[in-house]
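Chain nomenclature is as follows: A, B, C, D and E, assigned in order of appearance, with residue numbering initiated at 1 for each chain independently.
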Amino acid sequence: MTAFFFAACYHGAGMAPLFLEIEGLACRRGGRRVFSSLSFGLAAGELLALTGRNGSGKTTLLRALAGLVRPDAGTVRWQGADVARDIDAWHGRLAWLGHLDGLKGDLTVAENLVVAQRLRGGRPDGLEGALLAFDLGPLAARQVRTLSAGQRRRTALARVAFSAAALWLLDEPLNALDTSAQQGFRSALQAHLAAGGLAIAATHADLGVAGARTLELGSSLSHSGGGA
Amino acid sequence: MADLHFLANPARFRRFSQRVLPGLGFATVLMLCACLYMAFFVAPADYQQGQTVRIMFLHVPSAWLSMMGYALLAGLGASLLVWRHPLAALMARAAAPVGASFAAVCLLTGSLWGRPMWGTYWVWDARLTSMLLLFFLYLGHIALSRAYDEPERGDRAAAILALIGVINLPIIKFSVDWWNTLHQPASVTRLDAPAIHNSILVPLLWMAVSLLFLFVFLVLLRTETEIDRRRLENAAAQEEGAPA
Amino acid sequence: MMGGFTALLARDLRLVWRQPGDVGVVLAFYVVAVVLFPLGIGPETNVLQRIAAGVLWSAALFAALLSLERLFAADHEDGTLDLLLLAPWPLELAALAKCTSHWIVTGLPLSLLAPVLGVAFGLDGESLLALFATLLIGTPTLSLIGGLAAALTLGARKSGALLALLALPLCVPTLIFGAGAVETLAAGEGLATHLAILGALALVALGTTPWAIAAALRQAGE
Amino acid sequence: MMGGFTALLARDLRLVWRQPGDVGVVLAFYVVAVVLFPLGIGPETNVLQRIAAGVLWSAALFAALLSLERLFAADHEDGTLDLLLLAPWPLELAALAKCTSHWIVTGLPLSLLAPVLGVAFGLDGESLLALFATLLIGTPTLSLIGGLAAALTLGARKSGALLALLALPLCVPTLIFGAGAVETLAAGEGLATHLAILGALALVALGTTPWAIAAALRQAGE
Amino acid sequence: MTAFFFAACYHGAGMAPLFLEIEGLACRRGGRRVFSSLSFGLAAGELLALTGRNGSGKTTLLRALAGLVRPDAGTVRWQGADVARDIDAWHGRLAWLGHLDGLKGDLTVAENLVVAQRLRGGRPDGLEGALLAFDLGPLAARQVRTLSAGQRRRTALARVAFSAAALWLLDEPLNALDTSAQQGFRSALQAHLAAGGLAIAATHADLGVAGARTLELGSSLSHSGGGA
């Protein structure tokens, strides 16, 4: 399972206690403040579960961390350096799973993974492993448009696992997954964390990973800043 | 530049404009009255064109102002995209319809003038067409800035368009030189001495100045309104409160 | 960096390869649009010949615009635009790759098809060559400008018409010089200046639109 | 039954009403498209007058097609098409309602705008009236046929290529008789036959396309 | 809550033990058989939970029941009559919630509900109740495009509850819902069942309704036909 993580690229910087630091982050959508002065940190091997009611700002926070939404205030630091300084390098470090799966219906499952990896500038090695982890072997040659909702979600998750990125940003990863796929996701996530990776996942269900920290977004916390 | 930065803050701008606007409005009205009088009763009729020459006093300044207005949009677009001046977006929103109106006036007076001069309201020559395109670019700017639910996104999209569309300005300016057309070549704005008689040139320039005052007045006034409106919208949005 | 560019280009071409019919549609649209005008106008050859270049060029512009609408919209809707925004290389290159693939799939085949249709309008050999040359140099500009319009209207409330409204005025210089070149030729002058101007326009577009497209895409992702 | 029809029509018009700019955009596109041709052709008034009707009609066709593309696609993508398929009244009526709202939003304003533009082409009063009348009778056909093409392109992948082509050829008769009517008038003949033929085409379209559209939508839902 | 169900329209036929009968249903997608000879029945007040692995055919079955997909074989009967005979009447009896929410982004939450009801040929009475049940009161005047994923899903569920249809067909109704919204959905569903309504829901999670029957689709069952 861990075979397809380039562990070296985010391992070995053991002296830095916190990989990711968020400080005073604030976002607004459509003129409304979603959260403000949000601060927290995440160390290697840690998972942060974002919870909170519908509309509390989980998706917004994830998009702001990725740099897809420009925050009103605050900084995101990776190993001490502001990520806005070299946004391309930052993008190279993270893997994204949104509400939408980000797959091309006309390409097959395998092609989707390979293309996504090439677009990240990576080499598509170890495809088999990623497919296997999400039980996609028999579907590898199927066009994505002929897949069911859960099969598509699994493909999107396989893309994340395949990316070998240090930080996973996941928006409701368990959506549409059946129990065995949820189990597969859990082991992939645990392997990622064990290899020193970081993950932030918005979720309404229990992710089932021991030692996960939780950040609850919500009207009360979001204004005062939610410590993890 | 320092002044511009100073005014980039909407609240400060509002204080500034409130102080300036009444005087500016008064001056605009006075000057327009004086200039219209000059243009229609003092300036002589042209020996070739007769009374129709008076259309020029509206036509030429509005052509200049509509081009200047678009250059302004481009400048505001740059300062929105590069420096994120919040005021630039509001001012661009305010300026676009004003500039579009001047472009429309230029087109209308031009074609009214064309009837007696060229025997037709409209010909598809380069100057006329590029001017029409300027009008379309204004329309595109207005449409784009209103095509988004989040006004900020409309502002930024329109700013990008303004920066690209500025390419049209030199085309308008030099169209008469690049293509031989029906339209008058530049006779005022030339490198050497103007080729117009002073009795017409002077009222024309005065007219241009007073219409410039009108332009500035309208843009400032509309910017102020935009600021108030954006404030009201934001207040309303905040009032809806924390979503359930 | 170039790896990402070629990867994206290859992906888009492969998607088209999966649906080769989509190219066929653009070409067929072009043929039909060009054929429609003589139908509306009537078969007087001298009038037809007079307006041939204008019609062939304008129809190429429409065909390009029609196919541009979905250039970024498809990526936006299935979420792959987020992946492009999050790719670790400049978004400007991604914009360029998308426009390049659009040109390969529409501009290039249209340039090849136009002279064939020109024969039906009674254009002579030299004019046909001029038509081909101007389209070949001019269509990249259309793809770039159209790509900008497509990106600008992306997050906006729908409407291919808004796209056309934005793109058409910006495409007018290319159209004038493209169609004009063929007519100049008929008037006995040389092609060189017109081709040079078209080339200059293409370079200006190449030097400005990728940045503008990238800026527009970024704000559509918000 | 008619309740559902009016509900759908009201919904679509309300969606447009939310974005009145979208109508403006189609009209603006029309103006720009009409302007483009003279640009390509050059400013000789007699040639322009000669081809005015053809240009004004063809541009109307393009404007209609451009805005038709998303007629059902939007409903398909957000899942409301399923709700229409599951409405307890005939899908044919839903198809008709969609085409009607499209006509109200594009065909009607285009018919009103065309004569204004015709003035710039130097058409006389009678021709302007003929232009208005033919567009008013002809544009419903365009909306119906275009609606069919839009519905067909929603469904099976491969048919998309073949069937997008279908719209233009099907619209050709309307175009010929529409543009032809104005020219006939210039030749001193009456309008009546042309208008009658246009009316007949509209009736045929009205009597066939709703069923075809409904069938296409049903298979797109599978 | 029950105020906006026209209980009368599907109550009172107490002599018929089974409202819905499925017999020998078979479907194929893209040339592959998804399930065949599927038979089951559902009585008034009953809930059937469709479970099964990703790709086992839950969505396909729901679409076939609604008449959106034409089955290869088999019949669906409502109170003894084949529904294919009068498909419009059948459509009038059911409410649909798909993977997609089926909402117009440009309309507000309240407008979406009213319009959907009008399209069903119904009268939009009791809107308040439906909004309240899914805690949508404060969002009623917001355009749907400005809502978060869960807020949209809640609006789609409110549309179903508002429809007063006898049979609810729900595809993964719990997707993207926070815990309190899940609770709200459960009470709405229970009220619907208590009023004599029927519901079939594809789900990977527990619906939390006592007395629900389960039909597991899957490679082993789907060929032999899954009794409930």
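Following the convention adopted for this analysis, a contact is a pair of C-beta atoms (placed from the backbone, for glycine too) under 8 Å apart; a residue touches a chain by one contact, two chains touch by 3 or more.
All figures in this text were calculated on a predicted structure; none of them were measured in a lab.
> I need the common contact partners of chain A and chain D, sorted by label.
In this structure, the chains that contact chain D and also chain A are B, C, E.
> If I superpose the C-alpha trace of chain C onto chain D, what rotation angle comes out, expressed in steps of 5 degrees from 0 to 180?
Going from chain C to chain D via C-alpha fit gives 180 degrees.
> Out of every possible chain pairing, name the one holding the most C-beta contact pairs.
Chains joined by the most C-beta contact pairs: C-D.
> Let me have the rounded angstrom distance from the C-alpha centre of chain B over to the C-alpha centre of chain E, please.
57
> Chain D to chain E: how many Å between their CA centres?
Going by mean C-alpha positions, chain D sits 38 Å from chain E.
> What's the distance between the Cα centroids of chain C and chain D, rounded to whole Å?
24
> Could you tell me which residues belong to chain E and also touch two or more other chains?
99, 106, 146, 148, 151 - these are the residues of chain E that touch more than one other chain.
> Identify all positions of chain C at which a residue touches two or more other chains, and write them in rising order.
Residues 19, 77, 157, 159, 162, 165, 168-169, 172, 176, 222.
> Which chain B residues touch at least two other chains?
129, 136, 139-140, 143, 147, 149-150, 240, 243-244
> Which two-chain combinations qualify as touching?
A-B, A-C, A-E, B-C, B-D, B-E, C-D, D-E
> Help me check something: in the complex, which residues belonging to chain C touch chain D?
19-22, 24-25, 28-29, 32-33, 36-37, 39-42, 47, 50-51, 53-55, 57-58, 61-62, 66, 69, 77, 157-162, 164-165, 168-169, 172, 175-176, 179, 183
> Residue numbers of chain D touching chain B in their complex, please.
19, 21, 24-25, 28, 31-32, 35, 38-39, 42-43, 45, 48, 119-120, 122
> Under the stated contact criterion, what part of chain B meets chain D in this complex?
120-125, 129, 132, 136, 139-140, 143, 146-147
> Using the touch rule from the top, collect the residues of chain E that touch chain D in their complex.
63, 66-70, 88-89, 91-92, 94, 96, 98-107, 111, 115-116, 118-121
> Where on chain A does chain B make contact in their complex?
Residues of chain A touching chain B: 29-33, 53, 55, 219.
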